[in-house]
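Chain IDs A, B, C and D follow the sequence of writing; residue 1 opens each chain.
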Amino acid sequence: MRHRLPNRLVEGYSGFRQTRFRREKDHYAELAAAGQAPEVLMVACVDSRVAPEVIFDADAGEMLVVRNVANLVPPYQPDSNYHGTSAAIEFAVQVLEVKHAVVMGHASCGGIRAFRDNHLKGRVAAPGDFVAQWMEIIAPATELALVCEGCDPLEDQHAMEQAAIRQSLRNLRTFPWLVERERSGALQLHGIWFDMADGTLRELDEASGRFQPLQRPRFT
Amino acid sequence: MRHRLPNRLVEGYSGFRQTRFRREKDHYAELAAAGQAPEVLMVACVDSRVAPEVIFDADAGEMLVVRNVANLVPPYQPDSNYHGTSAAIEFAVQVLEVKHAVVMGHASCGGIRAFRDNHLKGRVAAPGDFVAQWMEIIAPATELALVCEGCDPLEDQHAMEQAAIRQSLRNLRTFPWLVERERSGALQLHGIWFDMADGTLRELDEASGRFQPLQRPRFT
Amino acid sequence: MRHRLPNRLVEGYSGFRQTRFRREKDHYAELAAAGQAPEVLMVACVDSRVAPEVIFDADAGEMLVVRNVANLVPPYQPDSNYHGTSAAIEFAVQVLEVKHAVVMGHASCGGIRAFRDNHLKGRVAAPGDFVAQWMEIIAPATELALVCEGCDPLEDQHAMEQAAIRQSLRNLRTFPWLVERERSGALQLHGIWFDMADGTLRELDEASGRFQPLQRPRFT
Amino acid sequence: MRHRLPNRLVEGYSGFRQTRFRREKDHYAELAAAGQAPEVLMVACVDSRVAPEVIFDADAGEMLVVRNVANLVPPYQPDSNYHGTSAAIEFAVQVLEVKHAVVMGHASCGGIRAFRDNHLKGRVAAPGDFVAQWMEIIAPATELALVCEGCDPLEDQHAMEQAAIRQSLRNLRTFPWLVERERSGALQLHGIWFDMADGTLRELDEASGRFQPLQRPRFT
């Protein structure tokens, strides 16, 4: 073997084995034998700072997690192309019958920043510009009209990140079998936005369209 | 708001805030201010039992994580379709200049099982069968010839999971700018396979094509 | 060396090194260089199920922790015997000037159970019966009158555990320099009782003498 | 209630409840029902930087932990005084029949530093000087002859911390029922020394009298 796994990963894995895996090995073995049955589908960003399992202290088996650039859901396109995110949604909703689908955005999103830059500068994505093409998913979002050259860039970035979450929820609802489950009450959709600068989490109130700080938890 | 975030997520987030985030809030604030600079791109599965940040005890900021069904990398296709995984690879390699790209497979993979079932039964993916279409990415893998009806299903499943990792590495090397970085020594590719039943991690030796148990770590 | 440290401890230490210590090594190095400055003195039991650092998710450096059988504080005895707990209290209050002294009891306390058994059976501690002698510290507690043969043993045990906490607080107030600091407002005393069966924590209200469930935390 | 538990403790407890306790509540409930059965007695220091459960990543129920200033074991004194540490040893060895008794010292020990200062300056402990009196437990240690005014203070401090561990092991062996169990092979004694500055752990080799770095762990 020419290259070995970086030492940092070897040590991190070793740490996992000797701490959390040791403590939870029965749980892992049960999950291996019985298969997974998560109740939550999380659509999150690839960003290295926003791991959903960390932010929600999730147990193994609790959430199916799709991660792509900017946590986008493309619209339903039943053609013969590869649709990685749609495959995950199909697997979560049709096969595993999750009860919740959560689109989780975050502050400082590089994909959104790239989209905003291109948008302001009138750049058009060329074939093979994978990030730029991918970010076109949010172009239909009418809220993006609020993006303006004179605005406070941080505020504008946050507004666009949140508009993208709303657009992904709209796109989720273009999947016919998903809508059916939402209508029947078997599935609930949620939009959330995390700011790693101070740890706040905001939840979308779809009635008002606004993202509101999470209510304080009940103590149990 | 009609639906609220499930209580389990609210409590998990609250736990994160009061334990890990509290302890690492300076680190998160620095990462928010300075931006991310991960050295590792991890291509992992959406499966709820194999969170890379847990298995490698990763810190915030350490690894960019793409997660799709069966941790696949599609081949380089510079057209105008949405290529979510390719966008993440472009972002990791071209923008963030990661030093390692790791394809992480695992035992009990539902995507691989679905592919194997379809394969054995001669089923063809119809448009809109997102999982089946997506799994076609591994169809070119010649190793799949070993899939056979008479074989031990578990052994066969593991062989196919590992063949899929090799195929994804091959596909990674169809991205011209990625190959360039690998050739210059700026980027290393790795294939690993995790078995949650007993916690073992195997690493692909590309010379022999075999997955070998991780060597024991140096004590530091 | 005839005997080696048990493997479980070696692996646990190795896990600590590769997870928490790795993440906090700068904090540990600072604490080593600057010395400790905890704000809390915790008087807790030796019981293997009630580690204060775990139950309060304490950081290194946060609490000085004395642990003896049944989390007792003996009365002030300025003689020339060895007074281990009093030495810890002196160190915490006089040298480190902690702001809080907490006596932390718990359900299922073996020391309290032994005392209760001896008490009911009229057994007297012989010299060299270290546990029995040590538990005599709580004998002056008038609340112990409530211990009765006909009572519900679990309720009785809990009542006695809580009476012991009140007695330890009384004994803490026999240390003249500690009382002085409490009077000046520099030090606050607290009594708490933890039940590992369901995770509840109760806090002593000294006005009423009752242990009340902890109020729910503010969300921050 | 005049004073409330400090907010930091309330939040830390809340974090524990929502993360570790949530994950391990069945284990805690079993421990509550079945009683504890630890295999290890740990004699450790009250120091806020050296929590044994953290350093050994211990599970609830794994180790009975006595903590006093400088992790000392006094000699066997079967009189009618309060002997908190001896009570814990009796409980661990006679009642719980632990298999290992570990004396765990550490660098930067305030109790050892106080003893060394008094020793160099010829100060005598007065009645009511609880720390000074308590530290007299190590006065018989002949190794202390190496303490000298001209020496490197840090090296000298470490030597004294390690001499104290050897003295505590000697004192452990003055308990007749403990020696009996050691002779029969039912109990093993260990001395270890932790340096939080760099995380190293050293283990006493009683044959040579030297503290040696822990061997690297086997990977499991």
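One rule holds for everything that comes next: a residue touches a chain if its C-beta (ideal position, glycine included) is under 8 Å from a C-beta of that chain, and two chains touch if they have at least 3 such contacts.
According to UniProt, the chain labels map to these proteins: A, B, C, D = carbonic anhydrase.
Model, not experiment: these values are computed from the prediction.
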So using the touch definition from the top, which pair is joined by more C-beta contacts, B-C or C-D? C-D
Separation of the C-alpha centres, subunit A (carbonic anhydrase) versus subunit C (carbonic anhydrase), in whole Å, is 45
Taking the mean of the CA coordinates per chain, how far is subunit C (carbonic anhydrase) from subunit D (carbonic anhydrase) in Å? 16
Whole-Å gap between the CA centroids of subunit B (carbonic anhydrase) and subunit C (carbonic anhydrase): 47
Among the residues of subunit C (carbonic anhydrase), which are close enough to touch at least two other chains? 11-12, 14-19, 57, 214-220
Report the topology of the inter-chain touch graph, choosing from line, ring, star, complete and other. complete
In their shared complex, subunit C (carbonic anhydrase) is touched by residues of subunit B (carbonic anhydrase) numbered 14, 17-19, 23-24, 57, 59, 217, 219-220
Within the complex, which stretch of subunit D (carbonic anhydrase) touches subunit B (carbonic anhydrase)? 11-12, 14-19, 22, 214-219
Parts of subunit A (carbonic anhydrase) lying in touch with subunit B (carbonic anhydrase), wherever the complex brings them together: 1-17, 19-21, 25, 28-29, 31-33, 35-36, 38-40, 46-49, 51, 53-58, 60-69, 72, 74, 78-92, 95, 99-100, 102, 107-108, 110-111, 125, 127-131, 133-137, 188-190, 192, 195-199, 201, 203-207, 214-218, 220
